[in-house]
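Dropping a structure here in structure tokens format, bear with me for questions.
All chains are identified by letter, namely A, B, C and D, in their written order; residue positions are counted from 1 within each chain.
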């Protein structure tokens, strides 16, 4: 064992130890909620920091090889680490560190309401499960950890199980995640049978032996399984329900990293396990990604529930990430490996970025929900005066997720655009058109995302408070603000100085495709494909800030009037200025609702009650303007009815007679013996 | 230089013809549609003249002149008179809205390019690269005839279709023989006149020129 | 080094000082077309100077975002002025970013302006923000597809390089895809800069406003900055249109004579486009808000056709 | 569009030129004065917000006429704006009714300094024929400080221009305001 392996092994043990101690501490101190809260989350923090170090070590070239045959049947418990695994461990840790600190303060509100021991246990198990999924090197290890991660997050979603919607969300989550699990199980078994090995690391070499139909079947099954976890449209329906139902620090992790493990799986099947794929695989991923990105942000735009909005925006960001994955797969099948690497770099960059700003936004939303007691944006407003620091952090997150310079989302989207634009190097007209449409989809997504976060920030934080709770809101505790500030600084750092990370990502991508990415970079800028496109994030930021400073100075020199008088908002001389005159979130989204009416199928109802004596006096006006989800109505409605009918039929076999049950077993045994013989 | 410029110019003019077809889709008022048709025909005549000059063909120059006379002057006059006689009509919306129509026509252009690109590649003439454009015009003309409710707009769709076919012949073989072309022109003129009479009939009988109402004629 | 500084300074001066002149020119031509005499072309300078001398009345409801936005808008426009190839194909600060960076800088300004519109808590401001974001979002795909068309044509997305290719290969300008991309980009420019038929810059009716509704709350120096920035945005868009699609006169080498010619050419081209816009604004009416998607989808179709034609008609 | 452009081409500029030898000497002389004064006081840029405080709309018709090609207010660097925040001058019409008294005050307060107020029409001066009506509070000067009153029922556009000029005269002292309170930002 080399010294680097010792280091990584120690870091892994430290991480798992941290999670283990955290879980144990939380459970042992169950009767002292305060202690349990600290123990659970400090343990998680230590573990996450160790995992961060492990990820960095892995990206720097460290490897890991752990095999404990006795722990699990069929191949045993086996862990390993290549750069891709290390990168995802890093992503997990990046989101977990702020979440854990935030949770220490945030979960205080749950004392006496929910079991903090359960939360501590679930949180640590969730983190450990995710880290081990990324490191798993054996089918059974992978599946067991995948299930552990899913179950732990399910229990965390159910923290506030007393609400009906939470129960529904939990149920939906459980069903879809297990449907996905079933797909994964079948896919893995087919793969293991075809290649003759349960070791994930050997699949790439062995996949050549697979017959074509099996390869396609494995791809489809695994893509469905991982896609369901990633929350791509139309497998996304659980996501906007389950993520908001969980406590905010857990939502941050679920949206920030758990769904990324779906991306991890898709990258593995697209670039590693199945070798170089056929072109329709990449095309399919590209189409699904484009649809997810556009629909995700469209649904986010009309959402009034702040956390739901963020959850839908996760669907959008997964779409953006997968655009890169799909494009990379297509490039690879056309033997443009350097471009494939570029697309993959863009994807991975966006993965990390999303793991920074989405938790930031969820933590901000948590602080707001904590302060106002509601998730409905229509009851917020004016919070920038009451919680200025939270507002500033949330603004940074919003600008970053809207992919605007000089923050990190901009860099990854810029890279993504370049890799898509460079698709003109493929000389197949149909593919070119497909890329043109996905460029349009990405552009539409970025425009809509900007609109969506203008709404999210503007309605939540600006203007006058729309409810009494918002009026009385107060700034979040320092620990929560501190973690948000930390994430905000990370957004800026990753946006202004992408060099270090890019260096690691290009190596990671090169490991998968075998060729260096078609991109050069240094502190002065990033150059894609030999001067095809240039950007200089650092200098843009510097120039922007200096111009910003310059303008007021020049104004003062030329003698501008510096007077400022505060007066009420101009409302055409109206006597009363209340929050009722403000534009609401619903109104803000209305133009989009009309333009994309085909997708939203808005339901409008206007109900006016007149005064009994005169129609000139109105007693009440009720206006309802809701959107319906086509997916739930058109796609899942029939499926669930079908399943229900099937279940009704299947009830016949459940007779209650022990003799009959024994007969079933006996028949099954005989059939199996006959087949085996 | 001329040899280089010529194909570019042909392609550009062909695209203008197609562009006029696109504008016709967007345009709502009948008089504007008729004027657009005149513009399209004029572009076509110019294109024919350019090709005539390049190939030094007197026949083709004659065709260009005849085309200019017939489709830029005569037929628009006839149609404008028809528009004036019918008077103002309540707006009849096409079956598909403008954005949807644009999407469909965009798709038709793509299909036309996809189908005709090999044909264009195998044709040795310098004008060949514009063949897909002409074919796209044919498809769009067809679609306009399907999509519009008014009899007059359908005539315009037909005329556009005819223009595109002429363009196709021009690009692929530098035009069909003079005598054939003249025959076609005559046919078109007669067709337009007959259809005009029909429009008046429909208008008198139904007080509308929406073709849907013809369904009432069923026994 | 000195030439580089000189070029960037000239660019800044052209954009910063030329913007009011451009706005004045458009207004003057429009007035003349309406049978009026109109204010002189220098009127916007007087307006801006007067606004600087006035106090600013700021709503009590607003936060720092309201006051920060005008400065940010001006800063983004000045930064854009530094990286756009106005005069030469060797713009010294061109390395800051390509055309996509430029579009995102504009979007950054729009983002904050929309927030500022919401900040005062007035219904007008919110309405303006919502509409502005809708128009911006729907225009975005056209921009990117037009960029893709250009990438297909010249194999590059660097502004300098696109202009250089256009200037050296004059036959390229005759290709249909080029003109289609120009039309698409032109419609987008109208939408992004709030001109008719998308938005009426001279309207007094709050209910029909887009851009104006967002800035109803601004006064004094803040209003001056916003109007100046709006003028600069118009100028940058027109300069982009003229240099990307009609790169006549752009200096390929950096010599004083060539740069002088480029200056004159730029003034002529932008002036011609401004007169064109004034004529268009006289001839067309503002589109109803919910007819805008038809216009923008039309521009999208044009851009897509440009891509198709570059793919098939080489 | 072609027809429209032809029409534009054949229609001359109908705005009265500033040169003498025009039949309507009164407006022209005044307009010249406005031109010179406005230049000195507001740097040849004056933005006007119109407030209807209860007028019968007769004055509004005349004010509207200022915008037409004949009077063409814009050539003097003046134009009407949509918000008092953008305005330098309030043009108030009508006897101030009860419902409009408060909005008028608020509009005045919402206008940044320096600003001028011109009351237009007999009603704005002394409530005209509406004086003593139960819904009328009083003339404009009872609510906000007025710089100039333009009489007439309704006043002609020339007179309104003259009024703006006079107002500029009386407020001649605030030509240039220097930074007084607070830093720029």
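Note that a contact is a pair of C-beta atoms (placed from the backbone, for glycine too) under 8 Å apart; a residue touches a chain by one contact, two chains touch by 3 or more.
These numbers were taken from a predicted model, which means no experiment stands behind them.
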{"item": "Chain centroid nearest the full-protein CA centroid", "value": "C"}
{"item": "Pair with more cross-chain C-beta pairs in contact, given B-C and C-D", "value": "C-D"}
{"item": "Far-end chain from subunit A, centres as C-alpha averages", "value": "D"}
{"item": "Distance between the centres, which are taken as Cα means, of subunit C and subunit A, whole angstrom", "value": "35"}
{"item": "Distance between the centres, which are taken as Cα means, of subunit D and subunit C, whole angstrom", "value": "33"}
{"item": "Separation of subunit B from subunit D, taking each centre as the mean of its C-alpha atoms, in whole Å", "value": "55"}
{"item": "Junction residues of subunit D, two or more chains touched", "value": "83, 85, 110, 112-113, 177, 184-185"}
{"item": "Where subunit B touches two or more other chains at once, by residue number", "value": "110, 114, 117"}
{"item": "Shared-contact residues (touching 2 or more other chains) in subunit A", "value": "429, 433, 552, 555, 559-565, 567-568, 570"}
{"item": "Subunit A - residues contacting subunit C, complex", "value": "381-382, 384-385, 391, 395, 399, 402-405, 410, 414, 417-418, 421-422, 424, 429, 432-433, 435-436, 439-444, 446-448, 450-451, 453-455, 457-459, 462-464, 524-525, 531-536, 539-540, 543-544, 547-548, 550-552, 555, 558-571, 577, 579, 581-584, 587-592, 594-595"}
{"item": "Residues on subunit B engaged by subunit C in the complex (per definition of touch)", "value": "4-5, 8-9, 11-12, 14-15, 22, 26, 97-99, 102-103, 105-106, 109-110, 113-114, 117, 129-130, 132-133"}
{"item": "Of all residues in subunit C, those that touch subunit D in their complex", "value": "27, 31-40, 43, 46-47, 49-50, 53-57, 67, 203-206, 209, 212, 216-221, 223, 279, 282-283"}
{"item": "Footprint of subunit A on subunit C - complex, ascending", "value": "52-63, 65, 71-72, 74-76, 78-79, 82, 93-98, 100-101, 104-105, 107-108, 110-111, 114-115, 118-127, 129-131, 133-134, 136-141, 143-145, 147-148, 151-152, 155-158, 161, 216-217, 220-221, 224-225, 289-290, 293, 300, 304, 307-308, 311-312"}
{"item": "Subunit C - residues contacting subunit B, complex", "value": "171, 174-176, 179-180, 293-294, 297-298, 301, 304-305, 308-309, 311-314"}
